[in-house]
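Each remark here refers to the structure printed beneath this line.
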């Protein structure tokens, strides 16, 4: 498969979408990103890499980090995490409090903000230095020691975290947050501020298409079953209130972030990542969603 | 009207309800109150007072304080407060987040917790020493300088305020809280911990049946219109999710608190207060609700 | 009190509101009413009547009829009706299904559409000829045998009753509707289509301010307690999602209809009715709401 | 792969679940099914078939029929159907009215009852004889002319359809149902009453794993893209409020029915069906869900 031609063509096609979305502006540090950027990268299990556009530019991975923290927690506690977080699509906008209250402080799934806060809370209990541990985990996945937090974004997130504070205190009132809320928000705002490029991110997702084994180190990061299940969660819950639509149109397990990044993969085959800062009304990258739909159509391959 | 006979008879009748409710146990300091207590007091505009049972015992007035803070704020800002808080019954359990999110951080009314937090937030902006000001206000209403905060209860409230913290941060995320959330919760937990007896409370509510004029000092606390409107709010919203039922059964404007107190009044006539710690499933005093229904039936007088 | 001057002045003042509301247009027969009409009538317990404007023009009383059917049912079954219908304000738009589903088919109160359907269902079980019985009841209340259904409106209602059909079937699925749904809707659409003038309606509401006794015939229509409780229900639930606001501003028990009519009363004193077809966004008569607020302010009398 | 051994082993293992679920009892005709039955069938694209247990017993396919009607409608109207029905998981119990009202009569997806009613409504508009057309379509898919409606179940469904009547009228009030509601319910109750065995059903689902081509007739039933998208919908929405969990545990696109049947498939490989009448609390076959989880684990194959 000539992936390079496919992604070059996509890069040209999605330019027509520029200007139709809006860069995330809930924090100043994100709002100032130049909107007209697009990168795409493919990493295959047989060792090839393809990229085009702004694929080497680092961006804030935001909610894509939820996949990494969930992997870090499940490898230690296994299925116990599901006592505290559900596995069902939320059917509501991504930070809704309604469901959370109705279900007594148990978030619907680990990819809505409430669920990710619970996962990070458990991660804090498991690792003495959670912020160091997260960087180390991501670096090992993509084989690049040059991954850092964007400190300005982390700070800006923390200053605008009223809603996440509200979620955390609500869950604490139900007994589902164990650590101090201020500490929790500090770690959470850092995980959102991990800065990576499409190329890094494609490498970091390859272990998921490789049945849980890091293809660079050969280490089993997750069991086969855990890796498959993480994929199922991404497919049903990875794109906020647009998860069903993305499954329908692109047919891949993946996860998006409001920084404009999306990481996805085809089991047994490849990982593919895109980045373009303008978001659609659901908070997903406008050009990124279109690019991945084109990608699976052009290569004639999805999980369905 | 022989009010003394009426309330003595009620005191005897409601004893049969003892053991059918539950003392509030969400904070340890409230949970340890002896449940089998009942006091009732009547203060009339023509200067008489009647009381029986434990009417001189001080208890935590809890949400009844919301009437005092609302009076303190409306006398300064008038109808401007209604830009920030609604005036409709909530139709939901008293601390529900659903409505609050749906209506973009504007609470339905000033007597649900979220609405009271907004009122207290404005009070903090208006008074340099809000905790002193609240005590002073209540003391002047009942003509008793011996009203204090129960410091143990205030502390216990503050340690168990996760849900109210969640509400406050949620409203702050919508821009409807102006002061620091920690300061807000400190003041709010104190107002709930004001300690008064039925006799004090009956005096303190008399200004509402007196068209806004403090009958002891002769001072106009609220305008005639403001006093009437505060009464309407109490009638429609004063008893959480049981407001309609209380209007139906007792037919009086009033306000209850989870400490087991209820303060009510008949315009142009009298104020009547009851206290009994056991609550029904709506969080209102079980014996207190029954006592006020008996009271309006026995005296053949309500607002309807 | 010079009621005539008061209502003449109000009639002149509310003209400035014309054009700011919208006539109900969910059925063609209502939509064609001339919007620029306003009538107001007062009937006092001491036997005087005052009216001005279009107070003799007949209009469709719509939801005001819910007061009559509830009176007809409660006088027969007493408090048993409250097993099937609640007494709390709804806190939601007037025909919402959410609350109904959440509470297993038991409507929040008898003045939302779902609750009124349950009341009418019981009325059908009680009266062999429910449509005749309703007319007879209303005629006896106002001492006017010349009250009829507007057949065109009844027909138009029935043809546009999909939502009420949905409500009725939902409640039937929970076992809270006993009669055939088509029969129920036929009777319900007729009760909404009762045609009365402000003058008729003021007379028909006088029994409520007279402790349940029809002042024309001297007959006890409802017990004293039943009449008071009907008033409490009107105060807390009579104006859809604007009930709290109307209590706050006008301070009277009352009931509105989407035909633009409002009937209200002061216990022990008088009944007052207004009609003006343009509605505000809550479905209540725009000029009518303002008129009643002016009325209680001008006469210096409300229930608070 | 020795599918016969796999399914024989599963048949023995799931017996221990008997008695832990409950047969659907909302209609008498379903309630009387013998609960202790279990069948499983596999049909592969290379032409083999395997089955065990009660795989030849006909049962009521209920909601599995929603896949067939959706296929019948999309092949004619294509993506136009998505103007009337959404593609997102519902996040709520399967017949909730809340979402439907909130989203103005547009159901979240075609597999909740409301969405299926819209699809059937469009089918009625497309086919002059919809009930004949449905049978014909299913017969052609599985190459068996001996498929019929269970008339007793269809009748029983129709007599207990109050809730679906409510859904249909609600959507009609929003303009999203075009045909007469009684006709709609008649057709809908018939589609639910299609009677098939596991063996029939496995054959009938093979076209979905075959990129939309009926493997028996060679005819293209759906385009490649339509077939893939139908699979994505099943994966995200096929199991009511347990869709995420089924994707997580079994990792297959599929659809369940309250008759106790489940049909699923692996793209490019096989279709697998199970039937066991006892349901779990989400309305899915208890033994059926477990059987499919065992199946994908034992054969080491799912879509992830």
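As written, the chain order gives the labels A, B, C and D, with residue 1 at the start of each chain.
The rule we apply is simple: a contact is a pair of C-beta atoms (placed from the backbone, for glycine too) under 8 Å apart; a residue touches a chain by one contact, two chains touch by 3 or more.
Please read all numbers here as calculations on a predicted model, not as lab measurements.
K.L.:
Nearest 5 degrees, what's the C-alpha rotation angle taking chain A to chain C?
P.N.:
Value: 180 degrees, nearest 5.
K.L.:
Tell me which has more C-beta contacts between its two chains, C-D or A-D.
P.N.:
A-D
K.L.:
Roughly how many whole angstrom separate the Cα centroids of chain A and chain C?
P.N.:
55
K.L.:
Taking each chain's centre as the mean of its CA atoms, how far is chain A from chain D in angstrom?
P.N.:
Centres of chain A and chain D (C-alpha means) sit 32 Å apart.
K.L.:
Between chain C and chain D, what is the gap in Å from one C-alpha centre to the other?
P.N.:
Centre-to-centre distance between chain C and chain D: 48 Å.
K.L.:
Residue numbers in chain D touching 2 or more other chains?
P.N.:
Expected reply: no residues.
K.L.:
So which chains actually touch one another? I want all the pairs, not just one.
P.N.:
Chain-chain contacts present: A-B, A-D, B-C, C-D.
K.L.:
Please output the residues of chain B touching chain C within their complex, sorted ascending.
P.N.:
86-92, 99, 108-109, 225, 227-229, 231-233, 235-237, 241-245, 247-249, 251, 253, 267, 297, 302-304
K.L.:
For chain B, which residues count as touching chain A in their complex?
P.N.:
Going through chain B, the ones touching chain A are 96-98, 100-102, 162-163, 165-170, 172-173, 181.
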